[in-house]
Structure formats: C-alpha cells, structure tokens
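Chains here go by letter, A, B and C, matching the order in which they are written, and residues are numbered from 1 within each.
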Amino acid sequence: MTGLAKQRREAPGPLEYLRRWPIRTWLVLVTIFLYAPLITLMAFSFNDSKRNIVWRGFTLKYYVQTFADSDLITAFGNSLTIAVVSTIVSVILGAFTALLLWRFRFPFKPALEGALALPIVVPEICMGVAMLVFFTEIMPWPTDLIWPLNLGAIIISHISFSFSFVAIVIRGRLASFNRELEEAAKDLGAGEWRVFRDILIPHMGPGLLAGALLAFTLSLDDFVITFFTSGPDTSTFPVKVYSMVRFSVTPEVNAASTILIVLTVALTAVALRVSGGQVALAEAEGH
Amino acid sequence: MDEAWTRAKGVFAALAGPPVVWLAVFFLIPLGVIWGYSFGENASLTHIAVNGTFANYAHAIRPLYLGIIVKSLCFAGLTTVLCLLIGFPVAIAITFASQKTKAWLLLLIMLPFWTNLLIRTYALMAVLRTEGYVNQALGFLWNGAGRIAAVFGQSIGTFTPLELLHNNFAVVFGLVYVQLPFMVLPLYAALDRLDRSLLEASLDLGASQLTTFRRVVIPLALPGIISGVLVTLIPSIGAYLTPDLLGGPSSMMIANVIERQFKTANDWPFGAALSFMLMYMTFIAIAVQAVVSRGRQARAT
Amino acid sequence: MTTPAKTIIQFENVTKRFGKMIAVDDVRLSINEGEFFALLGPSGCGKTTLLRMLAGFETPSAGRILIDGEDISRIPPNRRPVNMVFQSYAVFPHMTVADNVAYGLTIEKVAAPERARRVEEALALVKLDGLGGRKPDQLSGGQRQRVALARALIKRPRVLLLDEPLSALDAKLREQMRSELAQLQDKVGITFLIVTHDQDEALAMASRCAVMNRGLLQQVATPGDLYEFPNSRFVADFIGSVNMFEGRLLVDEHDRAVIETSELPTKVYLDHGVTGAHASTVWVALRPEKIELHKRGQGTPPPDLEDAPANHNLAAGVIRQITYLGSESVYDVEVTGGRTLRALRSNLTRRDQEDFVCDEPVWLAWHACSPAVLLS
C-alpha cells in the first residue's frame, strides 16, 4: 500500500508520456470523441420517446418493434447468410493464395501479388459500380431465384473483396512457420500430404480463424458494394438501415444499430483473443 | 518459400487455379468493363458503344465536376491532416504505455472501427443535428449564461441552434471520426518498432523533448506516417456514405457523383470515367508513397 | 580400435553449388559404424550443407553419398535410414511430448501398444519420464532438445544427425549435455554425426572430427591429433589458440630440424625432421601452454634446455599483460624484436598468480618436441 502511494508521487520518467497530464487529457478527449456518439446512440435506443431527444424513461419497446419488423429481420438473415457463405469461400481462396505465394517461386509472381492487392486499394465505390455493371451486363444474375441463391451476386462481390484480406492474414501466419518443422516431419518419414495435414494446417489454424473472422466482419460491415449489387428482394441489414436513416432518426434504427454493435463487439473480442491482434493489423493495413 | 513452381506442377496448379480464376472473372473483368465503358457513349437506352472516345474524361474535367474532384481532394487532405494531428499524441501514448495498458488502449482505438460504418455515421447524425445533443448542451450552457446575465440586468437573447449537419463541416468531422483509427494504428506500429534507447540517447546528449521529437522520432517514424497518411487519404477521397448522410447539397464528393450517374442519371460511360479518375488518383497516391519510401531506403543504404 | 571398423557412410567426391557459390567442394569422407563423428568448421564452411545432403534436404550437384554401400541420392528424406536433431529442435508445438516422440512410429503405422511402449522407453532414455503429456511450450530449452533426441532415436536410425545441437543452450547446460550426449551414444550404439562450430564441443564429444573450411575438407583426425598435429595453418588456428610464425627451414635431417624466423630472436629447434617439405618456407605453430616462463634478471642465468642446443628455443621478453582466469593465467610477452607471444600457465598454488608481474623481464622456453611445423 505504501509502495503504491510512493509510486504515485514519483515524477514521470522522461519517456513515460502516458503519465503526463497533457497526453492524458488528449487521450480522454479522443475517447470521448470516438465513443460519445456511439454510447448516446445505444442509450437512446432504450429511451421512451419517439422524438429521441430528451430522456423519458427506460423501455424495450423499440427492440420489440425491431424484431417485429419482418423486412428488417429478413435483411438481417440475408446479411448473416451472405457473411457465412462468403467467409467460407474467402478462407478457402485466401488459404490457397497464401500457400501459393508462400511456397512457390514462379514467373509473374509480382504481377499476381499486385493484382491481389487491388481489391484492397480500389475505392469501394469503383468496385461497387463495377459489380453493378458486371451483374447487369456481363453475367446478369437472375432475379427470380429462390433464397438463398438470389443472394449470389452479393456473395460473389463480397468474396472478391474479402479473400485478399484473408490471404494477407494467412500469409503473415505462414511467414512465422519454422521450415525445420516441415523438414523434421519429412525426416521422421512423413510424405508431402502428411506434412501438410499434420504440421502445416495446425500451424495455419489461428491464421485461418483470424481470416475467417475478418472476412465475416468485412461482409457484415459492407454497405457501398452491397448497395450496388442488391435488389429490392435482396436487401441486407446495412442497406435496410440506410433506407431507414435517409428518412429520419428514429429509435427503431437505434435499437437495430445497438444489436449490430453488440454483435460486432462480441465477434471482435473473439477475434482478438484468438489471433492476438493479427486481424486488427491486417485490417488496418488494408482498408 | 522459394521452391520453383516446376518442381511440383500439380500442387502449383491446384493452388493457383481457383484464386487466379476468381480474381480474373469476378474482379478484373468487372473493372475492365468499367474501364472500357469510360471510353464509350450511350448509343441507346440499353446499349453502350465503346468507341474509344475521350468525351467522358473531357466531361469530367469541366468546371462543375473538376470543382467536385478538387473539393474531394481538399476534404480528404484536411481529414488526413486533422487525423495526423489528433492521432500522433494518441499513438505516442499507446507506444510508451505499459504492456497491459497498451493492449487496452489499442482496443479502445480499435473498437469503434469494428462497428459498422453506417451506424457510426448515423450516430454522428444524431449528435450533430439541430435538436442533437451538441446543440442541446450548447443551449443549456447558453441559458445558464443568460440567467447569470439576467442577474446583472443584461439579456443575451434566446439560443439559436447551430447548423452542424448537412454542410462541409459535418463531412470533414465525419471523415475524421471514421478514419482516425486507421491513422493511429500505422503510427503506433512505426513508433513501437522504434528503439527506445535512441530517444534516451537523444535526451542524454542534451536535446529537449521537443527537439528529440522533431529530430529523432519524426524521421524514424516517417514510414509509419506515410502509410498512415495513405490509409486515411485513399478511403477519404472515395468516401460515399459520409458526404451522402452528413453533407449538404453543396458538399457532394466524387463518389456521390459516380453513384448518381449509375443509379439515377443513367450515364454509365461518364460514371465509369469518373470512377477511373478516382482509381488513377488512388494509384498515383500509392506510386508516390512507393517512390518516397524507395528513395528513403536508397538513401539509408 | 581393436575390431576393423565397418564403413557406414561414404561421401564420394560430393560437391554442392548454390548458383555460383560452392558450398561443398569435392568432399571425400568415410564414417564408420559406432563412431561419434563431428563436422567442425566456421559458419558457412559447408558442414551443415553436407549434413543436409545426407538427410536428403539438399541434393549433391556432383558425387554420390552411400549409406551401407547403397547410393541414396534418389531416396527422398522421408525414406532414408537417418534421422536428425534440428538446430531449432523443431519440436511440433501443437503436439504433446508423447505425440512428438511417437510421430515417426505413427507414420510407420506401428501398432498402438508397441508405440506406447517404445515412446515410454525413448522418454526414459532421455530422462523425460512422466513428461509425455506436456506441451512443448511447457518445457525448457534443454527438455525440448531431449524431446527432439527421443523423437529421432525412437526410429532406430542407422545414423543420428545433430545440427548444432547445443548452440541454443546456456553455458552450464551445454557442458552437461555434452557428457550426456556422449553417454547416450555409448548406450544406444548408434552412429552420431554432429555438426558444430564450437571446437570445445567437438573435442569433448567426438571420437573423430573433420575440419572444414570454405567447402573443403581440411583434416580428418581424432581430437587429440587435430590439436597436437594440425596439418595446416587453418586447423592449427581454428582449434585452440596458437602462436604462429613464418620461417625458413635451415636444417632438415631425419632426427632434427632448425627453423629460422624473423619474428623471434631465437632459432626454433625440432627433435624430428620435417616430412614432405617442398619449399623452404614453413610455419611454426606453438601452443601457449607449451611455452614455459622463467625469471630473467641480473644474476639469474638463462634456463638450461636439455633437448636443444644453446640459443635455440629460448627468447627473452617482457610481460606486457597478465589475464587471470582462475585456474590459469595468460601472459602476453613482448619478445625482443617486437612480436608478442602468448603463454599459458596453470595456477598450481594459491600464490602462483603473484609470481610474475607486469613489465617483468622473462625468458620464454619450449621443448624441441613442442612446435608443430606446417607446410600450408
């Protein structure tokens, strides 16, 4: 106890910037800037007032309304379906890409690496309109397909921008692979396939999971590209919320948003725990 | 790591096939079509003739659209500068925090940008509108001041809410809000790689904190600063949602014009040309970064 | 060696090129059954490449490698009768210790009960009994190495290859593992082939060593012969520390030789002839512990050397630096003419270290059998 008190009185060391008050104040202000809007949004989803301005007491009625809104629920189901399918395909394609670039030396490798970086750097709006044109002119996606096949165009678009991110995450994981492990397995009698199954796949594990979570959130988050590829029957959650937001600020939107925020925060927590920060850095590099 | 592809052709083909085909069919072809359209014209309601015309690009640099492009660049530039100024102290605080605090601070910065972009923008709308919380807080302060003024027999009039939404201010505010974490992370990554003893050496040799920052920290963190600038600038130039929801009629950015060409004005060739103007700008930014960092490397060795 | 040794590994004119770089240059080498053989050399000398060619991770650019008389060049690494302990140990991080050790047997499809028995045996052999359920990250570096050893030994290889096995351990543990490895080899009777850059390690453990430099095999000999009878300046210099002089052969008869060198104020006398000398230029290598220190001052006569004529093998000098190392002290002595020689002296009594002081004039002397004469 006394030791602690003593520590507090100590002046900050020359590099202990976090213990200096200007930096601390700045951090607090930035935190407020980042969080105040989101927290008020979430708080007012429980506000018993249509006008959404003054606090009138706690209610869950907007959540009830949200869950009763069949359009919104359909959109939410669409979003989840798209995210799940695009995640599975993205992880497979991403893993293939990562293994290819990690293992082989081949002509046009820099060209392929450049092309793979494109989906990450191309502005969303450009990709959105490209997909719109592609799915109306080049490969018209039938509109009368049964669910979930009618979501095909959106799923394909999502895979196209996700799998490069996944490849980066998995390639990063592969870079830390100790080649001696592979040699050790071979030395002990394992053939190519056994090495892949027994040694390489387990090593890739965290990368695969991190890549999957990244692809899932990217898909769930996307608005712009989906906006251009979705039709009236294939609305996703963000697209639906967008159409609601355009009209007004209502507590129903707050409630729906709160649900999505909680969902993504939970997913993030899992992703960070599993990957030790890999997901975060990969996403930061890409976006 | 560097096995020649000829040594295991079967494995190579199996690995290369799916991603390459996917990338070509579902990414490069769509972009290629748009690129082609940017040199075409509307022949009829449903048909676009690609005839190699540059009319769409000429159209895009007429004053009206050139103005929007310049404005997009200005918004993005301003956003980047603000993010850098706001984000640098934050990155420093994270870098020099203890291991445990560091993880929490990183999470603090990261969490908002894991939240849906649309929701974050919507949250800002609720905060900034005339009956929003910012104006309420200001009104509360104003009325308080008015009551104090009344004690002294003065009147400061009634509070008129500030117009914070649907203008250029709101767009830049929103862009900063959305992009800030993207700036902080690369800055932090660069600062974290920095050898602490370099700073201590500078201080030990008599430099002040400020001189150390200017002469040691900034030059060594430059790669991180550059990549932070890039990951903030590029998405900002092409931002669609922020100007659409927070901006007014006069704060349209390129992306909004592009969307309009494709969704309402139905002038696809012109929209395609604008899209590729945006792409070219992106590529130029990346090329500049590559040249700068290569130049630095060349000088370093 | 009482029984005639049976050759187990043969490198026949093996060469390995990486692009323009020649990593291994025309190596001819035989290793016998039951040997503890060390490949010794500075980093980048080609010793690891040689080992990896034997394991099958590199293919020779030219030449053949035989195990038990059979050319193994076309056999992939997973079918070779050799197993390796890797420098990083390469213990599979996602498997338990027991699973790691059992891995080779699993691939051979050995039945579970026998597998379990042999894993137990192997773990006992490397003194890891009872740790089979642990994950590698719960083990110390030394324990991980034992896992790697057990994992390789359980396959009962014809030859066990060890790539710098002790380099990642701290000094104390390294010393302990040295003797344990030697004991282990004794116990299992498998041929060990170890690669190391650490001469102490090689001298302490190996029954025979090959010294390599720049891809070339320099000398193959027992540790004692490498140290006392090096065949080149490189080996003399690489193994232990040495005082080296360039000189001219004045006399070369069957029972004596005299070498004159400008670096010493005395001639070097040898009690044997120099064989194979083509040119008159030779090098003299003199180990520090073979140089005696004697007091030199007014009234003290120079020491009497019984096995050399007067004014041979006797140099006057002044102690310039004394490095006290506990069991012994190192004396750097500047001899007349400016050259500094290093002499080593055990501190036999507790007062020994006070015997000589800095800047004291001394005689340096050595026996006629001590210097090694090198022709290259």
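The definition used in the following text is that contacts are C-beta pairs under 8 Å (C-beta built on N, C-alpha and C of every residue); 3 or more make two chains touch, one makes a residue touch a chain.
All values reported here derive from a predicted model rather than from experimental measurement.
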item	value
Centre-most chain [mean C-alpha coordinates]	A
Most distant chain from chain C by Cα centroid	B
Whole-Å gap between the CA centroids of chain A and chain B	17
Euclidean distance of C-alpha centroids - chain A vs chain C, Å	56
Between chain C and chain B, distance of the C-alpha-averaged centres to the nearest whole Å	61
Chain C residues touching chain A - in the complex, by the definition given at the top	55-57, 76-79, 82-84, 86-88, 90, 92-94, 103-104, 107-108, 148, 151-152, 155
Touch list for chain A against partner chain C, complex	178, 180-181, 183-191, 194, 198-199, 202-203, 205
Residues of chain A that touch chain B when the two form their complex	14-18, 22-24, 26-27, 30-31, 33-38, 40-41, 44, 51-53, 92-94, 96-97, 99-100, 102-106, 112, 115-116, 118-119, 121-127, 129-134, 137-138, 156-157, 159-160, 163, 167, 179, 192, 217, 220-221, 223-224, 228, 238, 241-242, 245-246, 249, 253-254, 257, 260-261, 264-265, 267-268, 272, 277, 280-281, 284-285, 287
Touching residues on chain B, where the partner in the complex is chain A	1-5, 8, 11-12, 15-16, 18-20, 22-23, 26-31, 33-34, 37, 86, 89-90, 92-93, 95-98, 101, 105-112, 114-120, 122-127, 129, 131, 133, 136, 177, 180-182, 185-186, 189, 196, 199-200, 203, 209, 227, 231, 234-235, 237-238, 240-241, 245, 254-255, 258-259, 262, 268, 271-272, 275-276, 278-279, 282, 286
